[in-house]
Structures are given as C-alpha cells and as structure tokens.
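Alright, structures below, take your time with them.
After this come two complexes, each holding subunit A, first together with subunit B and then together with subunit C.
Showing the complex of A and B:
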C-alpha cells in the first residue's frame, strides 16, 4: 500500500487509504475533492518519488536535494505537474521504464523513433536547472536546426529558445544551475560579506547529500547556496 | 508622499534621481520648501515587489524589476524609457513600436534609463570613480572644455562629500595613480574585497607594460580595487554587502546605494513634497527671462492620463531629468511657439554632444576555475590606461573586471550555456559537437564551463560631436501625447581608434592570462558592429560595442555662453533661476563612470543655490 504522507493527504490522492487510517474525521474534506481523484492519482506519492528519482538521474543532482525533507517549495510536484500536462502518456511511459530499472540511455534508445520522450526529458532537466518551463515541442523545433548564434539578438527572446515562463520565484532561486556553478542565485544570497574572496566548497557539497556517518553533522545552514556561518 | 501642499515653493525640482534627490535633500535640510516632480511611480513600500518581478522576468535586463512593463508599445506608455530589449536585434532599435527612442543615427544609442522614483541609479552598478585631473583639462573642438572653476582641485572636497553622502567603500592608496590625484580624506568605508577572478588577473598581469601611460610614463599595469557605493560595513542604517551578484538591476538588501535612500532622507526633513506620475511638459518663462512655473501631465497606476496642472510658483527651478529627458523638456518648452528653440537654448547647444562610454566586452574561459557568479558584479579594474599623451590621437579607456561570468557579455548566461548543453545547441560556442547531456556528464561539463567564465569591459571615452543630438520627434508621441526623443548617434574616428586600442590590449591580456577567447565577431548586419582601422598585421577587424548606461552631454557647462548651456554652477546662462543638473552638463565624457561626478556637482550646486543671496530675494 502506498505510504500515507502529509502531501498525499493534502492532495486527496489516497483518500480511501487516509479515511481507513484516520477515520471519519477526514471523510468530509477529502470527499469534497474526490472528483479530482483520476488526475491526482498521477501525482500519487509513489509517482512523485519515482519522478524525483528520474529527475535525479536526468540532472545529476541527488534526489534529497530535489526533494528535501522540509520542502516549502514543492518543486518536484510542480515540475511533475507541468511534465504531466505537457505529455501525460509519455511521462508515464518514461516513469514505468525508469522504475523497471532502465537507465536514461536505455529509455532514450527504446524511444528513439518517437522523440517526444527525449524532449520531455530535456524540459524536465531545464525546469530543474533554470527554474523555467521550456515546452518540449519548442525544444524539438529548435534542436533540429542548430542555428548559428545571431549576434544581433543579444538580449532577444530568440537568443535562447524562449522559455514559456519562469515557473515561480522559488523555482528561480532554487535552480540547480547555481549549485553546479558552485555559486548562489543572482539576486538571492544568504552568504556573508567577503565570501567571494575565497573558493567555494567543493561541488559535491552542492549536489550530494551530507554523509549520514559524518561524525560532526553540520547544521542545516551549511547548505552552501544558503549560507555558511563564519 | 504625493502632494503639493504649499501655494508657493522655494524650489521646484524635475526628476528624483541621484542629482535631483541630492539637491532636494540638501535644500530641504537648509529649510527650503521643495517640490519634486517625478515622471514615474513612487518608491515601492517593499522591495520584495520589485524582487518578485525580477525573479519572474524571462530576460533579467537592467530594467526588468521596474515599471512599466517592458513589452508595451511605447506610444501607450505615459512615461516611457529605452530598454535593453529594444536594442536586442538588428531591426527593433529603429522600430517605434519597440523602441521608445526614435533612433536616426548610424549606430544605436545603446544605453538605457529609468523613469521612476530614484531615476536610473536604481539599477546602477555602484562604481564610484572620480575623474582624473587631466580629464578636466582635455579640450575637444567646438568649445568642448570644462569651465575653469571645475577642476580636480576645486571638485575634490565635493567628491569627498559625495562619497560620504552615498557611502563609498574604497582605498585612497589604490586610487592615487597620478601625481596630481589626491584624496584629502579617507573613503568613509574600507575597500570591498577582491574576487577570485580579480586575484587571478592581478597575479598574471600586474607588472605588464604597454609602452605608454599616464604622465608620459610607460605605465605598469596593476589591477586596482574599484571604489563603490556599496557597504563594506553597516553604514547609515543599511546592511553590509552580502554579495548577491545583482547590483544591476537591483540589490535585494540595499547594501548598494540607490537614490531612493536619499529621497527618504529628503522626505524626512519635512520640507520636501513629491508629485509622482507627474510628467513635466513645459517650463514656462515669465518676466525678465525668469522661470515662473512648470506645466505637467499626470497619470494613474493604470497608465491612463488623469489630469494636468501647473506647479505653484517658485524662486528656483532645477531640471534633473537626464541627458535625454532634460533636453527633451527644454525643447518642448516653446511658449506656444514664441520660443522655437526652447528654454535655455540661446547657444543652440541644447540636445547636442550626446555621449556614452562605448564599451568593448571580450569574454572567455580562464585556465582554472575562478568561480564567477559570486560577489558584487565588479570589484576591480585596470585604471592606469585612462590618461596619457595618446589622448591627442585617440580615446582612452578604463577596464572593468566582471564577476558575473558571461551573464552580461552574452546576454543571459548561465541560461544560454545550459540550454546549449541540454538541448544540443551551440549558441555559447562551448558545445561545438552539439551534444545533449544529462546526469553526471551535464554536471561536470556545465560546472567546468561556468566556473571558468570571465569577461572584461573596456569603457571608452567618447569624443563630443555636436551632431550627436537629441531632438523632438515630429511624428512619434508617448502615451500622454508628448513628442518622443529623437536621437542621432554615431562614433567618431577618435572614439573608434580608442576602441581599436581596447581590442589590441584585450588580445594582449587574454594571451597573458592564457584565457580562451569566446568573444563573437559580430555579423555585418549587427547595428553595433564597428569596423576597426587596420591593426598591426594590417588586418581590419570587426567588434561590437555596447552601451555603458552612461548618458552624457546635451546641455554642457562652460565659460562661454555662446558654446555652452549652463555655467560652472549648472545655472542657465539665460534664466537666472534655472539650474540644469546631471551628467548632461559634462562637456567631455572622460572614462569614469559618471555617477560620483554627478553627485559631487549636485552637492556643489545645492550649496551655490543655497548661498546665492539673489536666489532668495
């Protein structure tokens, strides 16, 4: 049985299970949104966990960073929602293959003729890396004809393949590209005066979880993008 | 904070940027009743409003956090302004539905400004360099020279007052690189520490010689700390810089000075009233050529016109638009055709000699990770090439070292390089095999590229040219029906020879740094492409110039009323009670970012206004 989590309760995804577990008190609120069950089943807790693991394989960044224990932003659910809206069938195909133990390369090879899986995966990577949503179809249109950079379009939307939108301010400030740069989001630093005079911590501290057996577990504020106490 | 409560004012100021703000503050502190007209909206009650707009912006250009929305047709905008987006391709800069400025020159005027509480310095970098002693002595044809009363010695105390007022961190020792240059007192805060990139470049190039330099010497190059209006310790109730790497367009914690700070101080004197969303449309001249009042149009938060009016009469009027909006207002002030040349324009110099610091920005990868995207956007520069005998022949420049990787240089990194590596493109030129990566390989390849990115910026002096002009458009209007500024802009041979030397020095520095160049050669149809004169190998190269955001000239100061618009006190030669302030008064551009000199001159003029007995008779 799907583990019941707070998120599942809120989404109403496991209404039956929740009711069984917690009794009648929950019947009323969950039944109010019961009609959303078919949709929400897609974002069941297990599905979201699978999506986080798939995202970790796609991005090269540990899933504990994508879905921290305390997760005020819910980016995993948000990016999952957008990927699902873009191509629900293909997302399910990718997730099934991935949970069957296939690697990204194997999935790409199997889906080779149908490129929609490839571009959906690229949309997911860019959503995590840049906090912006790029439609898979737009990525596909542009990827086939790698243009020479038109230098007269320095700031134009056409320089880049235009993202549809910034997913949210939180998505921008939590974008992975800042971790891979061993930096912090431009316009969002909790670091302290003069940090820039020194090298940042190694890349692993930005993209891998802190080791469980660390003899002196560091406080949560040692997240290197969120500030290092001096 | 939006009310003209008095029937009479001592002073009316148009524009609430750093120049207008400082004059309002100083005269308010002196007990004068001041009314400030600002074309844009008021200071947001919470900076998070602007931060939210910035975070959501697809193109994080200098204007992105500020109203109005960048996508609007300028003819629908009540107080429009040029934007970087309107300069972004070969066509838009000449398209009045995209570009607020009506551009008729050979190349686009590529600097932009804001019309909002605080003016353009809401999005400035914070660089607070003084002009060099020789910058006040240089002369160009057509009477372009600084007035005798404005020189390094006379302005030095005002530079120091400006540094105290806005809060500059710097090192006196680092900035004393000519024999005549002196600092009477220390900067109010110690210097901002250098970045890892600064230190690498200093290691590699300190000690290099180019065979020329300041005071006829063969200057030894040296990376120097850049004085900046950015707190290196808590200062005037504001926090220490936390290195948000976002000075342009917005510092989220106001560790960098911006003029809204001065506006709040001015308001706190209890003597300064503000009218926001109030666009001055005509300066009205009364008896004896004295200014009587100013007509204005007003609009609401929705951008719709709400009414029109006139200021109460005042003793003194100060115009502090900028070097485009001020000459626009002067030229709109024709008194129903009775004064066709506009106000303050008997010399015919209003609108002429528009300048910038055309900027050459080479970029590349360092041989080792030096971690850009950290710290303030710029912390060091190379200043020792700003002066020398060569200025008889060509323009000089300063070199700014960027800490923001290729963000500014390519217009949007880290996004461009990231999309390249994920979607198999090569816009950044770093993915020549058009590989599409994911997982660990994406992390290692992208991390390697981003951590080695760097760029330089050569800010080149621009020769004043009377034909580089701001006029009124005869056909295009803004959302209030006022004529939009028509700008004709070009670069002279003198300026282009400075750009050519910038390119030559950039190549030498990149060689010394063992850096790999990724700087694009612009296409021929790029409007900002400049063909350089033949280099040492006889080859003609093409480079692109960018705007530095420094809008200079158009109502210059001087000693001769026939070739200048204002005197050394920034006072109109014709209208005794009219002052025109800001970088529009600079007769020459030199190479320093202009804001500190704007502030020093504004403080000096505020003092002159206050102490001139005839002003208050």
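Showing the complex of A and C:
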C-alpha cells in the first residue's frame, strides 16, 4: 500500500506526476469538467467491488472511504468507467490477478515490459487523488520525455501534464489529495470553524474507517439542557 | 436548505431598529401581548416503527397516535427509523424511505395540537419560542418556558393576538445569504420566521447562551455547544428548530365566507416600526407555504432536515418545459412569457419594504416572482419516486383527506449518511463533520429560492444544503477579550443572533441597540 504522509505531500516529495498533474488540475478551465458518462454494463456490482479493492491497494486509502455504504458521488463507478474505456482488456487482466490475491508489485512484475498496466494504474491513482482523468498513453509519453527543465520550473505550464478532463466538481472536492494532506480544497472546507488554529484530525481518520463509539455512551450530564464538558 | 442561516447580525435594518428602540420598548419588562398556547412541558416522543413503505398501516399509526394523545405524550418521532424489512435497490434508497417516513410523522405531529390531531387546535410548534423572544435586544434572560407571555412584544403589538412578523429584521423577508426577497402574485413579500422547541430553548437559557457574554463565559469553561438529542431508546425528544414561510391571505380568495381554505391560516401581526398607527402592527391573515424542521438525534448528530411545501407554491422546471403547469401558483404566473421575466430572479434593490414603500396588496406591485423548482426530481434522485408514494399515502389518509393539510408536500429529507460518523458526538473534530449529507443538496422553493440545486447538481457550499451550510454556524462572542473567537454552535445559526448586555458591543448591530 502506498503510504503518503502529510509532510511528504506538502513538501512536494510525492510522485512527480502527481505534483505536476495536480498543478494542471488547478489551472484547468471549466470546459475540462466532464459530463456524466452513461452507464455501462461492465460496471457490475462485483466488478465495482473488485475495482474499489484494487483502488484501495493503489491509493493506500481504505475501500470504505472510496465506496461508502451510501455513496452520493459514485466516484468509484466514474473512475472505473474511464479506466475501462481507456483499456478494458488490461483492466480486466489487472482485476483478475488482483482478485486472485496477487499484489500490485506482483502484477506489475508479471506484466513485464508491457507498461500499459503500469500507466493504467497510474491513471487510476491520479483520478482518485486529483479528481481528474489522465489518459494512460499521455502519462507514458510524458514519463519518457527528456527532462529539459530544472526543479525551479516544475510548475511551469510547459511541463504540466494536461488531464483529459476533470471528472466532476464532486471528484475534485473529494479528491484524496486533500485527505492525505489533512486539508481541504481551496474554497471548500467541511472542517470546523477555527480549524486553522488547531492541528488537523489524525491522518488515520481521513483514510481509514472511523471507529464506533461505545455502544452506550454515558450521559454527559444528568440535566440534558446543561453544557457538555469536552 | 441553508435554512435558519444567515439571519443576520448583519441583517437587521438600521432604520427599523432605531424605530424599534424608539417606539417599541418592552412593556415594563413584562409583555402582555400575544399569549402563547399553554402546553405541558413534554420531553417525550413516540417511536412508530416502519416495516417498509409498501406496507405502511395507517390504522396502526393512528391508534399509536391516539394512545399517545390519551397518555398526554408527545408523539413527535424521537429519531428516524429505518425499514425493518427494506425493499429497494440501493442503501441510500432504503435508508431514505425511513427518513421520509419520519418527516411525514414529524410534520403531522408538529402541526397537531398538543392533545389532538391535525386541524383540532393550534399546532404544537406555534407554541414554541420565536427567535426574537429568545435573543433579546438587550441580551437579557428570556422568560421561562412555562411563562405564557412572550419575552419581547413591541408596543404597537401589545394586546393584539397573532404571530408577530418582525419586518424590522431583514431575515424576515430576505432569504439566506441575502439572496433576495420572494414576492407572491399579489406583490406581497413572503415572510420567514424561526422557532425552537423547549429542549433547544432550555439549553440556551440554562447555559446563558442567549447573550454574547454568556456565550463567551460558556466557551471559557471549555464547554462546547451540544444540544440535547432525540433518542428512541431513552424516549427523549431532543432539540428541534423550525423555519416557516408564510404568505398574506386575501379575504374572499383565501379565506372568508364561501371560501374553502387551502392553506393553514393563522392570525398574524405585521410589525413595522417605521409605520404609524395601526400600520405599525397590522393584523393580517397568514397562510403557511413552507416548513423546515431541523431535529438533532442520537443517530444523526448533524440533525435531520425535513422540508415541506404547499403544492401551489411553484411548478417544477420540468412542468414548465413540458407545458404541464397546473396553477394557480403563488410564485409563478403560467401566462407570463419566459422572455418577459426569466425564472428565479430577484428584483433590483432596494429590497427593504420600507424603502420600497411596500404596503400589503399593493395596487401596482413593483415585483412578482417567477419561480420554478429546479434541481433533480425525486425520481432522479432516488430511482423510485418514494417521496411521491409517501405524499399520496398521507394525503389520502382519511384523517388528512379533505383538510388543508393534504395540500402540503414533503420535498424530501436530508440526513448525514456516513456511518458511524453520524453517531459520533462532537462531530467538529472529525475530518468531515457533515458526515456526507444525503441528498447532497436540498432546497425549499420558498426558503432557499435562489440557491436551489441545478438539474445536474450544484456548487458545494453555494447551492442549498442544510447540513453543509449549518456546519459553519458559530457562536457570537463579544470583543471584550481579543482572544475570544466564535466557536462551533452545533448546526444552528440561532446563537449568532445573540446580543450583548453591553450597549457598546451592540453599536454595530442595530437590532441589539437598547437604552
């Protein structure tokens, strides 16, 4: 599983592709926002469950976060559709191997020189983290482009990888990059008022399921109209 | 529903408040105007389980209600139940039915009198405390719940009967985020009022949260605002707040001889301190057009948000597109050409009724709204139109059929869907204190007219979502201690309306100025 710390992410030490692509997502025009794709029959419940589990392994975020029981955004299905449209055969191969119990590393090793699995997985990771869809082929092309820039120019427009589209406004605001950074997108935050003067909740609460409280919490006070001490 | 929100510190008209202070002092500190209905201080609630919405037994519901009434029990649901034998496709769909069922029971219970059913007396909620009776201009302690008098009755309204419509408060006629006023086809403003139940009022009063100093002291003791919750196991009701919208009723059309009323109609007192004589507190008839309920419960710490509307308010955008409008509508004229006035627009300012020189039923209205309900239909949201199923079921109930209450439709219910997120106390410390509201957006066309969802969704934090908006609600501490900052107020904007006991603190808030 991928482990990305808040510090690492903020300091820009995560994958170059993610950083570059993230920048591209931020400067993308509204026209990049995708229309909802039509249903496709490949997205069976089992396929989607397998895809969520694969996504959890790729992103390091628990599948219950990616596909909550009540899922108003349906990002798992949205990303699955795009991955399937990009390379259905390869996605099926990856999912088959993964459901057979193989790790991501083993699948990549078995796929060998055919890098289409690698870049398809990278597209899936970027989709979850950035809420934008990057075509695997474009990622591959860029990966092998000679680097003619130095680190001070890494946010330059010339070197950013353009996404094909922003999946949706919901995909953007729910992108995992905000979770692993224990932060929020610009202009949209559900964190409580005054959060900026406190440490954020622990990273586990962003990427793992919340623990249930004790089944019968003790009454905070005998008088329900009284204040409750913290 | 952005609801209850944005009432404004920011939002009281300066002129109105100056006049309010000059002409409408509290009467000897003990107002004797509109007497509130007496009622037992019932903390109870009633659980009415749900098998599934295809098998709702209205007879059982009726007898459970009758038993509760006989026992003097409150029969508002304690919390939302889920179907014990669910039929449905998705988890959201199955759960939604339980919430919508809860909403209908809540609507009926709140609009019934304390010891009776719909239509046999003053609705329970009309005896709740109105916001201006809790957050007093001088920051003083409001009267106890058991006191039949209102804490704040403007002098012109003394000795008159009716719900006071405080037109000096901008939030009475301007919608949340100051998005604008709503005008009916007679050119009259729609009015908005906020109430809270005994549990909510008691928490505010006992913790001195009715003024800014009290809020500051509360915070200094490391307390955090945590209103009582409804709990099925413990049989407790919890905090409930209500925002209702009204329109002026016209004699001979909406009420009077030979008129079959379509609305729940009450006596109202249109309080306008800038007016003289009788017009400073004009006796009017008000018809209920919209009804929001927020209810904090054990399983939904983000509260459950219910919204109802009168079905002659507006058509849907789909009705308009398909030319299937079936008026008359209060806020839409089917005969008007779209080119004449685009839908869901507000007039140019000023919006203050005094500045506009508005009088009830103006001969030449300066504006009439042309409003449609936008956003996805409930069929699109939930696949099956279970909301319509429930509306039909309850409308056809023999106890409701033929009464004004069959004209009120549930729009739907918004609830926090994350589990176990929504059960967790003190959600402010969570990564997402809203616990994923479902449906993501919800608006009442009379209360969040101008921030309704779009057909294919909405804009987070701009399109109306009850929970997402109220997640940002805070207290309103004084500036005595520069370290004091506002704190989370448990999904209600009511605490932001508190005034200070210090006149200097109130200088910037017209509604709070006092002698």
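Operating definition for what follows: the second predicted complex is superposed on the first by the 157 of 230 C-alpha atoms of A that agree within 3 Å, B and C clash if a C-alpha of one lies under 4 Å from a C-alpha of the other, contacts with A are read in each partner's own complex, and residues count from 1 in each chain.
Note that in this section contacts are C-beta pairs under 8 Å (C-beta built on N, C-alpha and C of every residue); 3 or more make two chains touch, one makes a residue touch a chain.
It should be emphasised that the depicted structure is a prediction, and the values quoted were computed from it without experimental measurement.
Once the two structures are overlaid, the count of subunit A residues touched is higher for B than for its counterpart among subunit B and subunit C.
By the touch criterion defined above, A:59 reaches subunit B but does not reach subunit C. Of the two partner chains placed by superposition, only subunit C is touched by A:210; subunit B is not.
By the touch criterion stated above, A:188 is placed in contact with subunit B and with subunit C alike. Shared-chain residue A:173: touches subunit B and subunit C both. When the two complexes are overlaid on their common chain A, residue A:70 makes contact with subunit C while staying clear of subunit B. Of the residues of subunit A, those at positions 168-169, 173, 182, 187-188, 190-194, 197, 200 touch subunit B in one of the two structures and subunit C in the other. Per the touch definition, subunit A reaches subunit C in the complex via residues 36, 68-73, 168-170, 173, 179, 182, 187-188, 190-194, 197, 200-201, 205-206, 210-213, 217, 220, 223-230. Against subunit A, the residues of subunit B that register as touching in their complex are 51-52, 54-61, 84-85, 87-90, 92, 193-196, 199, 232, 240-246, 250, 252, 369, 371-376, 379, 403-405, 407, 410-412, 414-416, 418-419, 422-429, 434, 436, 438-443, 446-447, 450-451, 520-523, 525-528, 544. Partner subunit B is touched in their complex by these residues of subunit A: 57-61, 104, 121-122, 125-126, 129-130, 132, 134, 139, 142-143, 146-147, 149-163, 165-166, 168-169, 172-173, 177-178, 180-184, 186-200, 203, 207.
Those residues of subunit C that touch subunit A in the shared complex are 90-92, 95, 199, 202-203, 205-207, 218, 221-226, 228, 236, 417-421, 423-426, 428-434, 436-440, 456-457, 459-461, 468, 471-472, 474, 485-488.
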